[in-house]
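Questions regarding the structure given below will be posed in turn.
Naming follows writing order (A, B, C, D and E), and every chain is counted from residue 1.
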Amino acid sequence: MYQFNFQPVFDNLDLLLYGAWLTVRLSFLAMILGLVVSLLGAVAKTSGIRPLRWLVDVYVEVIRNTPFLIQIFFIFFGLPAVGISMSPNTAALVALVINVGAYGTEIIRAGIESIPKGQIEAGRALGLSPVHIFRYVVVVPALRNIYPALTSQFIYLMLTSSVVSVISANDLASAGADLNARTFASFEIYLVLTVMYFLLALGFSTLFGVVRRAFFTYPASR
Amino acid sequence: ADLAAIESAGTIKVGMLVDFPPFGIQDASGTPDGYDADVAKALAESLGVQAQIVPVTGPNRIPYLLSGQVDVLVASLGITEERAQRVDFSAPYAGISIAVYGATGTEVAEPADLAGQTIAVARASTQDTGVTEVAPEGTEIRRFDDDASAVQALLSGQVNLIGLSNVVFLQVDKVAAGKFDKKFDLSSQVQGIAVAPGSDALLEKVNAFVQTARSDGTLDEIHQKWLGEPLPDFVKTAE
Amino acid sequence: MIREFSSADVMFIVMAVRWTLVLSAVAFLGGAVGGLLIALARTSGSKALRRISAGFIQVFQGTPLLMQLFLVYFGLAVVGLPIDPLLAAAVALTLHASAYLGEIWRGSIEAVPSGQTEAATALALSYPHRMRHVVLPQAMRIATAPTVGFLVQLIKGTSLASIIGFTELTRAGQIVNNATFKPFLVFGTVAILYFILCWPLSLMARRLEARMRLAVTR
Amino acid sequence: MTEDAIIMRAVNKYYGGFHALADIDLTVRRGERIVICGPSGSGKSTLIRTINQLEPIQSGSIVVDGVELTAGGDNVAKVRQDVGMVFQNFNLFPHMTVLENCVLSPMKTRKTPRAEAEATARHYLERVKIPEQADKYPAQLSGGQQQRVAIARALCMKPRIMLFDEPTSALDPEMVKEVLDTMIDLAREGMTMLCVTHEMEFARAVADRVIFMDKGVIVEEGAPDAFFGNPQNDRLRNFLGQIA
Amino acid sequence: MTEDAIIMRAVNKYYGGFHALADIDLTVRRGERIVICGPSGSGKSTLIRTINQLEPIQSGSIVVDGVELTAGGDNVAKVRQDVGMVFQNFNLFPHMTVLENCVLSPMKTRKTPRAEAEATARHYLERVKIPEQADKYPAQLSGGQQQRVAIARALCMKPRIMLFDEPTSALDPEMVKEVLDTMIDLAREGMTMLCVTHEMEFARAVADRVIFMDKGVIVEEGAPDAFFGNPQNDRLRNFLGQIA
């Protein structure tokens, strides 16, 4: 039977905690910026402007249908060839934002399209401008309708951010890998990492819950 | 693993890397091949059983062994003190030497010159350990998932130094002839066949195999085939 | 020992697609069934069911698939229950997909106005009929985009199964890249193959959505 | 079977802190036609929604067709097959055509074959004067057309009790008359009916009993003659005063 | 400024192949009160929805307050601020309280300060008798309460023209009277009004002109006296016959 020994993990807990902090920071920033990209993308996709819609379509389909690993690889190793060179951590953030933006665009678009036409008509009849209608009439119910899907995507983002270690960016997973290389206590490390990721996800879910209660708890229409 | 069980099953499950040329590769038909594969076959032969090769990766090879999914690792596993606490090593059956390489123009002659430089290594590799040990304060070590990514960082100009084995550097030099050269040696590294702790009977047999193969020319022949020279002396003499 | 990137390598990568397909199929099937059950439990009237499903989602959505695979495969072996890698992958992928799809579908079900359920209830439709004919078809309108978004991520996520020994598409690409040092060529090929696998899903989703849009609400 | 179609005893219903129904006692005989009226927000919709358990009640008991609703889950399902309902805001299924809306429940809960269910549906659509809209989606109908679909859909279940929540609100006078005529027919066929409506004409013409609600309480009830001719309650007098 | 509030010329509207409005000609003078009636599905809602361009028209022209709607995009926005509308199905914003529903547009399009907008909103909520519901969400209101919020919301924009689509359908007779009184007040204040309604009382009491539509066509129009007293058209005679 395998003898578990968590000593090496606890001896290096500070390393893992720092990694966890990096993951939180990276994914939080990516969520915020990704939300902005998603909203813009969804607006463009539901707008009447054809070329804009096509452009967003291409962006969404290319990003959604290719692996994140390859996207980040391209951004970090490929872009220097055309003179765009970023530090690993910046490249990781950029790649994550571009990635989550594509998924978010589609999710939010579905939310926007779920708003009954009558709501928009009422906004128009009140003389509200399209921007005001979007901002005050559409956004909140649209986000409410797809909120679980969107927050799931954000949790997924946090978990997949571990891929950034391929370009030597630092995060919780890479801290775990470093520790693994020094101690070879793989099971112990994986167990502790799993628990830490779980706690981070729990933290984010709690945050999403707070946001939901603040904005989306109005009684649903009959 | 239990020697008797292996013998009665008639096969030994060997974990090996398939992404570490020329030690472990996959040939064009997808079959594992390379120095490790040949050693594994020779080992099986000496035990009088069939070798069943299980492809493993750098990060998961030790879990594979410890959880009993494979009986032995012939997986270019460098012998280090930390690893020796987890697994039992045979006598060395292969070796590589590790050095710092870099762009020809870069002036780095000794570890102290690394200060202020950015150097790429494969995470959790021997070169990672080696560079980390000697690098002075102010060195930025970038750890990539594997040698290929680290080399890509070098080729794309994201770093201008790399910790690499002589074997892999040979290949880099073919891709970018003359653009990079060796700066200084880090260490030489011998590799052992690993078994899970408590497999003493198996380990004894493996050790017997390695001793014989080192002296009767079996390993020289395989080494010649894959690396173009006989087994280096530092391997033969190491314990 | 460096190799040129040859047609044999391309074949090797293409052949690896079969594992990607097998793993995806397993994950889709397991996830669809599990996800539906989770979503229904999460929106049910029973407090216990809601709690349990919420806990399930929290755990399996909140931990990385890589870790789940690792712990199921190696963890069970370590405690003396060796498990077939395909079974391990099936278990982990099903748990993972069920949690995500369950959460996505819960949201879509809740977005259907309660008047619809009330009307179906007043018509004496049983719970399964209510769901099957009234609520789920309308929930689908909102669910399609996020579901397809997740499924294409799942296809790509099966690459994590390489940790337990599957040489699927991504892993095959890494192996060839390590032998050839041609990342853009190799990963370009890999990306195109993924695109070929995923793109039809996106197209299907569009068709489906366009069809559902016919019946719009005023 | 008992004589009484619906018996409500001391029913109380709260929305959070808001007392929407206060100690409602009501017995409806088989075949009786009851009209419920009262000011907006007085709890009329809430009352009829408790009868088929769309709104859970906090205390009291409701017995429908001899079956105690509050007792167990399974009863409710059986009772609902016999209780048709027309909602104030229709609640048509937007993803189904008019015909599909009508045949869904007969086919699924009564296992009526499609052909028969469609025949019934077309019959009732004819009766509410929109046979030609059968293949449209609800969003393509005018308000009045939607309301008539809702009525036809409920009738397709051939219920023994019908609950109407302002079934003529979106209709023009002509259609109101059509629908009321349909309802009078149904009444003749012996159907038990509870109808929230402000059509006093209808109340006078077909109701056996008129109930006036205010602030969640049944303030007055009686046969139409007495109700309209000699209202006892101030609030009701006021209310009726506005109509004349 | 011209004398005429609304001028429709040869307006045609199709839903796919369905001819919903056929060659509509209609001129509404400033301050005029018009009642539109007609059978269900005759195009009444469609007609008033074209006036603030919620439904695009296929041919013809519509001029509102001297502004040609069909000409360009920007006009529409300006015109809509002066044209209030109460929808047949209310279309309240579910994520805002009653008060927020009412102050949204004044604050955003007219830049009214919040305090002032809220005061106006409370004033109109008072007028439709639901001041105490100001902080509830639409889903928490009864049907009649929702309808009154819709009316108050439209009035908060202080429009010069009001379009009502069956503004009293969900109301009890008492409330109908309240709302009609409010509308009569508005009419006195000189507001131009188009009202789809089946309340013939209201038509008689306040309408300057009554319009009868059938199958997308204006069949007859006239002052209430002539309209009710001496209908020319058979279809209309029939229609009125049902009411009496």
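Note that in this section contacts are C-beta pairs under 8 Å (C-beta built on N, C-alpha and C of every residue); 3 or more make two chains touch, one makes a residue touch a chain.
Computed from a prediction, not measured in an experiment: that's the story for all the values here.
The chain with its Cα centre farthest from the Cα centre of subunit E is B.
The interface with the largest number of contacting C-beta pairs joins chains A-C.
Chain geometry summary: the mean Cα position of subunit B and that of subunit C are 36 Å apart. Chain geometry summary: the mean Cα position of subunit A and that of subunit D are 49 Å apart.
In this assembly, the C-alpha centroid of subunit C lies 50 Å from the C-alpha centroid of subunit E.
The residues of subunit C that reach two or more other chains are 70, 74-75, 78, 115, 118, 141, 183, 216-218, listed in rising order. Multi-chain contact residues of subunit E (touching two or more other chains): 89, 140.
Shared interface positions of subunit B, defined as residues touching 2 or more other chains, are 59-60, 63, 66-67, 149, 152. By the touch rule above, subunit D contacts subunit E in their complex via residues 15, 37-41, 44-45, 88-89, 140-145, 148, 165-166, 169-177, 198, 200, 238-239, 242-243.
On the subunit B side of its complex with subunit A, the touching residues are 59-60, 62-63, 66-67, 82-83, 85-87, 120, 123-125, 128-129, 142-145, 149, 152-153, 156-158.
By the touch criterion stated above, subunit D contacts subunit C in their complex at residues 49, 52, 54, 77, 80-81, 83-85, 87, 89, 91-96, 104-105, 108-109, 137-139, 153-154, 157. The residues of subunit A lying in touch with subunit E in their complex are 116, 118-119, 121-122, 124-129, 132, 136-137, 140-141, 144, 216, 218-222.
Residue ranges on subunit B touching subunit C, taken from their complex, read 18-22, 25-26, 28-30, 54-57, 59-60, 63-64, 66-69, 146-149, 151-152, 155, 167, 170-172, 174-175, 226-227.
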